[in-house]
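Here it is: the structure, laid out below.
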Amino acid sequence: MKKIHEECGVFGIVTLSPEPLAHTVYCGLFALQHRGQEGAGITVNDDGVFTTHKDLGLVDHVFTPQVLAGFPHGTMAIGHTRYGTTGGNQRRNCQPMEVNHQKGKMSLVHNGNLSNAGKLRSVLEQRGAIFHTTSDTEIIAYIITQARLQTDSIEDAVRLAVPQLEGAFSLIVMSAQKMIAVRDPNGFRPLCIGTLHDGGFVLASESCALTAVGAEFLRDVEPGEMIVLTNDGKMHSDKRFTKTAPKRSCVFEYIYFARPDSVIDGVSVHAARKKAGRLLAQTHPVEADVVIGVPDSGLDAALGYAEESGIQYGIGLIKNKYIGRTFIAPSQNERVSSVRLKLSPIRETVEGRRIVLIDDSIVRGTTSRRIVSLLRDAGAKEIHMRISSPPFLHPCYYGTDIDSEDNLIASHHTPEEIAKIIGADSVGFLPLETLPQLADTDEICTACFSGDYPTAVDRDESKDRFERKIHG
Amino acid sequence: MKKIHEECGVFGIVTLSPEPLAHTVYCGLFALQHRGQEGAGITVNDDGVFTTHKDLGLVDHVFTPQVLAGFPHGTMAIGHTRYGTTGGNQRRNCQPMEVNHQKGKMSLVHNGNLSNAGKLRSVLEQRGAIFHTTSDTEIIAYIITQARLQTDSIEDAVRLAVPQLEGAFSLIVMSAQKMIAVRDPNGFRPLCIGTLHDGGFVLASESCALTAVGAEFLRDVEPGEMIVLTNDGKMHSDKRFTKTAPKRSCVFEYIYFARPDSVIDGVSVHAARKKAGRLLAQTHPVEADVVIGVPDSGLDAALGYAEESGIQYGIGLIKNKYIGRTFIAPSQNERVSSVRLKLSPIRETVEGRRIVLIDDSIVRGTTSRRIVSLLRDAGAKEIHMRISSPPFLHPCYYGTDIDSEDNLIASHHTPEEIAKIIGADSVGFLPLETLPQLADTDEICTACFSGDYPTAVDRDESKDRFERKIHG
Amino acid sequence: MKKIHEECGVFGIVTLSPEPLAHTVYCGLFALQHRGQEGAGITVNDDGVFTTHKDLGLVDHVFTPQVLAGFPHGTMAIGHTRYGTTGGNQRRNCQPMEVNHQKGKMSLVHNGNLSNAGKLRSVLEQRGAIFHTTSDTEIIAYIITQARLQTDSIEDAVRLAVPQLEGAFSLIVMSAQKMIAVRDPNGFRPLCIGTLHDGGFVLASESCALTAVGAEFLRDVEPGEMIVLTNDGKMHSDKRFTKTAPKRSCVFEYIYFARPDSVIDGVSVHAARKKAGRLLAQTHPVEADVVIGVPDSGLDAALGYAEESGIQYGIGLIKNKYIGRTFIAPSQNERVSSVRLKLSPIRETVEGRRIVLIDDSIVRGTTSRRIVSLLRDAGAKEIHMRISSPPFLHPCYYGTDIDSEDNLIASHHTPEEIAKIIGADSVGFLPLETLPQLADTDEICTACFSGDYPTAVDRDESKDRFERKIHG
Amino acid sequence: MKKIHEECGVFGIVTLSPEPLAHTVYCGLFALQHRGQEGAGITVNDDGVFTTHKDLGLVDHVFTPQVLAGFPHGTMAIGHTRYGTTGGNQRRNCQPMEVNHQKGKMSLVHNGNLSNAGKLRSVLEQRGAIFHTTSDTEIIAYIITQARLQTDSIEDAVRLAVPQLEGAFSLIVMSAQKMIAVRDPNGFRPLCIGTLHDGGFVLASESCALTAVGAEFLRDVEPGEMIVLTNDGKMHSDKRFTKTAPKRSCVFEYIYFARPDSVIDGVSVHAARKKAGRLLAQTHPVEADVVIGVPDSGLDAALGYAEESGIQYGIGLIKNKYIGRTFIAPSQNERVSSVRLKLSPIRETVEGRRIVLIDDSIVRGTTSRRIVSLLRDAGAKEIHMRISSPPFLHPCYYGTDIDSEDNLIASHHTPEEIAKIIGADSVGFLPLETLPQLADTDEICTACFSGDYPTAVDRDESKDRFERKIHG
């Protein structure tokens, strides 16, 4: 039902001696599953011999015990969970992308979106390159490979390549001897590093994946930073190798994408969501009997709203925990909507009450209308919907797949009109100007709400990307 | 990790004209998935022609769109989700059990456990019966079939058969023309009935399945009641056909098994759990900073404890929503426990705080110890565990698969000792005498906590059952 | 395309000490695959503990290396390949049928068809039996189980049970300690026994399965004989335990069912087929340039015809060796018939030649018409079809699934008419009176050709069976 | 068991109006299945939109009815069956290889082996190319793409690219508007063209695939010829675009690879094999009672030997028709060799007889030894093995995967020694100098037998290829 998607999760690990690393990467990817549910992959580096397995599907479908057992032990490995925006959902677009070249092996994973992908691809094709995938990752692989022709050092090749990339990228490149992590100069997408007790390192899109594999959070990779890890337990940082740009981390990571137990750029996602709830209570107060959240991402904000307003917090909607990515509501059944199969109201909490209902966003309004209707059927007296983000109004060029502007309900309607459309008594959005309070900083990207893009953006580029989709 | 299991969920539907009923049953079973995750099955009755499909696996694995499309439309259908106690987890034990006999077709589903299964089976074998399964359902099918030899009425056959059964059973029998529901005289397991807008009926183990298919809750089937439904929209009830017995509904349905949005025998499961939390706050108060629940079943009680105690409610543990029934933590990984993959602490909520941690039960203590350790690692200052049930001390003969007494931590240890074992600062269990307050009645079965069995119980029977398991 | 099917293959093995018997049974079943391609199963007896696996599919699909590895070693095992006439092609009808009963375990496999199945089932149901399958094997299991109530000896139970069975049956029954083989008094279906070098025994429907597992052919089990095998290497025979009847082995086993490398009741199948070719050459001579057989079952007879007539033998049709049981010609393709995908002419052999084309039978004539057309397209000048069996005119009650009389081309047409319909220059069938020469004996059943049934046959029984098919 | 493999089968079709072409390609590939059993793929061109599906497995496993139904109709399509020599058996190496490039789409399939692959790849990598596969096809795709940068015509691009390729290649390239077929100047691998009744064209490795889809054989594509097909039913030929070279078609296509119903370069494969049998009878006569062939590829030569020698032709070995590519003899079974499961002797033919046994080749001798042993066990009195090819002595650089010289029995042993090793009474090979008689021409490649390579061959190239295998 949700129409907003993140592009991916990345993971890397370096140890001092060989281990069954595929199992560890599996655990890390499992913790990053929410960032991409359409494909998964792992490359293990066993003393320069690379073994890659990747496929469409959830992490635990792709990596069965048999598949995991087929990986060798190794001292470095990377992994990826994929949500595919460009080029559809095809097996060949899964990552890591392994490159065998006479200058040496390389495998890479990427979270983000290049805003100059079309131009880069066009130039490469004009030089005779052929592309097997429609993903940005193959473009990055080419750019790095061409840089390698000029240098024997993989680090120098990355140094030469990265300044050519524009947009959002959190990247991990593994060669036979090194693991290199790079975050784009604006720092759109998160990337952090942790340490293992025995001296190794872990890289991950979110800190929850460090926790999952028993690593200790060290720090975020900084925007515009390159980190180089080796098997002797050394870590080098280079912050001056590419252009500088103002930090602009994606605020929607806090609102929806990231897991509440992650800490991004020093701010707890759970705390940011509770803060959003508090801000909603301050800016859109209402008289009511109970505050309930739409599970799972509305629960933290609901608790914040309840605490700030003094209205009782309640558990009013249950999510069927067997709803998986593969769940398809059987189409022939006229009795049942898919919202009804996913969410169920607790009448005890709802009946005869005035309700504040907290959700993270409204895209088209269809889901919200169905949830309001479920609660009305369960006897709710009033329903005041509060959204823990501002209205979506603009496309994102940095890795979020927002529905087209035509479909966005807030493009065409005021909150009052939206309330009428979805059947709520009132609707209130988080004010745009409060967003810096969520992340404790104004170094955030709010482009999808404000239209204020941190980088030059070429709308034709976007069109070109769309056309590639068509061929792809 | 959980060692307490329910035996099954049952579902039935009767309509006035043919519909794609398999799709509706699918939705109902999906809502009852928590009652049995090892197998699923559906029989559709298309004017006397029965089509059955059943297999091991979750509802949405067994019933793919292709499989659902292969069912004919019909006017009656039944379904089942299976958790297998006896006879292991074998395909042949899945339900519904379809019987083709010269006296007419029959398909049946069952939730419960016969306490005289061994004796009944032995007598049947002495008469030459052969058994293909090790489930109680085949015994019931035989008993009804033998009764049918004496009467042309399926109702009368059920009337003759049911008094021979002892123990817990919520049963739905479908013949070519009728659907018959029976709940055992003690009413151990739940069973309720709802109505469809167009005049049909729905039967289900829990009311959440009525909601899922758009039916309106009518009432619970009463202990010792037989309900007969036909396609002309008529419903007959017979409450005097079997022996009477005191009502003893299973209190653990409220504490753990049932979904919080279900209402069983007039009492909301969510309300019962919040009440358990309130009672824990009254009986085991403590000074603390925040109350957190172990997801999912500890959350309602945590909210009750917070409200009663005035201590702030917090979200302190996140459950990975991709953990499915099929999830297997990769064994070779020494870094990671499966608790760590399933649950993750929110440091923001936990760090430096005194915590009341609410869970529904402690079986062996292993999981609790790991959760306490997760919270300590995240900086918890004190951890006071409160359990929303009394200690498990006795076996259940009515359909709950409790670990053997030797493994139950409360058999050998006081709460103080348990606190030490699991690393908590204190542990408090819900007092046995408060259980009637949860269900607003003392007509409950508390045998697994109290040893007070509502029916005569033969421990050798149980032993015999065990041995059948060995051959089976 | 072929409309004539055999009902099954059976296999049993007894060794002196434990072995990985599932692997041996697999090899035996693989050699018997041609007798049943819809299901397969194995039971291994490991000192009284039975492990059974069975499913729909070919032997090598059902028994993957993983499945085989899951079987324990044992000293006895039985197996089955299934072709399903009655009750359709359902998983529950697969064999072996394992029965767990207080009088002891039993597992059984069966090839044949009971001509009194309907009556036996009806009587059993009237005593309260319920049936899970629609196969005759479950009826036999019941009859033996009821006999076991009267005796502690499994042999005596079989002795009591078998005289109640009518029709065709080659049966292997395995108990915890014994393996018992029985062939019906008429000996309709084959069954033979071989010895292992180390003192064990092997039972199989055809001698080719003995060869496949390295056993040495000992002799055929005689009609009306019961053989009892034990793990001490002893073999007992009892030939007087049931009624006597004239031997009537199925002649169509020689013509089509059995493998050419098998020897049945002392006669080589290959030799019988060559003989059929010679007899055709004598009875239906023709001037021609080359004799070709329709692969695979027409090749032996073609060679016989060539040798007898002096006309050159040729290879004129190639069968695509990747055509499997699961092959489905893609339906949307208008260019291609499935005959064209399966068979391809060799123009070199065919072009400009007068051809004698040998096939084993004509059922509806559709396939023959397409083969003739293939050869015409490849330039054949004349095509004289010779069929190595008489025309099919009557139903079989002994285990062969012949198309209904309405569909049999020979019911309505003379050979001359058939030639016209299929586009051949002439058609000749093997004369009925020559059949005894094939098998070197007149103790054969020719009922499907002659209507001369060796036992009383109740056409209503057959009708009843058909109706059971409808419910089943 | 067989150690000699062909590299692939290719297929292409062009029609005048849209059709469900995937179904037709499926049928064509099914007929070419013997040329490659490890992978299969199809690209359908629907007015410039390409849809490709490819995977490891047999044609009917990869192309299920669901997969076929997912293809659009189209007016051009190509397909491939793969046997993988270089780079192992990986999904990414399957064909067709689809290339999306700003100069236009292209999809290509290839049968053969470039003898300068290593050099070409190295040069491309030095220009910055990255390779996803280890197949020659990706190299060809790059070379053509780089040529496209210099011209807008796909034909001209192919004209520029092909002269850079050395070795064996039968290639089909499909662009949005055209289908281009090229056969290398030596004509190592076969390629032919046929016409459809309605004006379209079909290209295929062997004529049997034309027959399978109802096309009429037109002619072979000539060595060094480029054919261009368009949807208006036009066909252009260009025979002067690349260097000329002596024609050298692979003689082993006749002896073993191709199907007996195919006609290659004007010579029937069946006829060539019979001729080989006749030549063997002339050059290695023997007194014997019966001539039998090892199925399937030895049968034609056996018939030729029998006809020439006057010794009776017999059917002496039966191949189990359920042996598929996926068949694995269960390893734990000590009783059974895999030869015994695949081949079974007919005692009737063999017992007490002096046998001439015809097979197409001897590689290591292991299989021959087991077949001889099977026949001895069945009572053969003498066994004279006759091989319808000369001894293998040299590696092939043109697409045949011959075992390494160390393993070739004929490298180290005389025919007399080989007879002793395999247990035969005598062994005779087809004399090298008779090979031209098989193909009715001396324009054949006999390098694997004679060491006489038609092109310059760099043994280091081969070594380089081997090393790529190691990284791949």
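By written order: A, B, C and D. Residues from 1 in each chain.
Here, a contact is a pair of C-beta atoms (placed from the backbone, for glycine too) under 8 Å apart; a residue touches a chain by one contact, two chains touch by 3 or more.
Because the structure is a prediction, the values reported are computed rather than measured.
Distance from the centre of chain A peaks at C, each centre being the average of the chain's Cα atoms.
Each chain gets a centre from the mean of its Cα atoms; for chain A and chain D, those two points are 48 Å apart. Here the spacing of chain C and chain D, counted between their Cα centres, is 37 Å. Not a single residue in chain C touches at least two other chains. The full set of touching chain pairs reads A-B, A-D, B-C, C-D. Interface residues of chain B facing chain C in the complex, by the touch rule stated above, are 91-92, 99-103, 105, 122, 125-132, 134, 141-142, 145-146, 149, 471-472.
Residues 20, 23-24, 26-27, 30-31, 33-34, 37, 58-60, 63, 65, 68-69, 196, 208, 211-214, 259-261, 263, 268, 270-271, 296, 299-300, 303, 307, 312-315, 318, 320-322, 324-333, 335-336, 340-341, 344-349 of chain B touch chain A in their complex.
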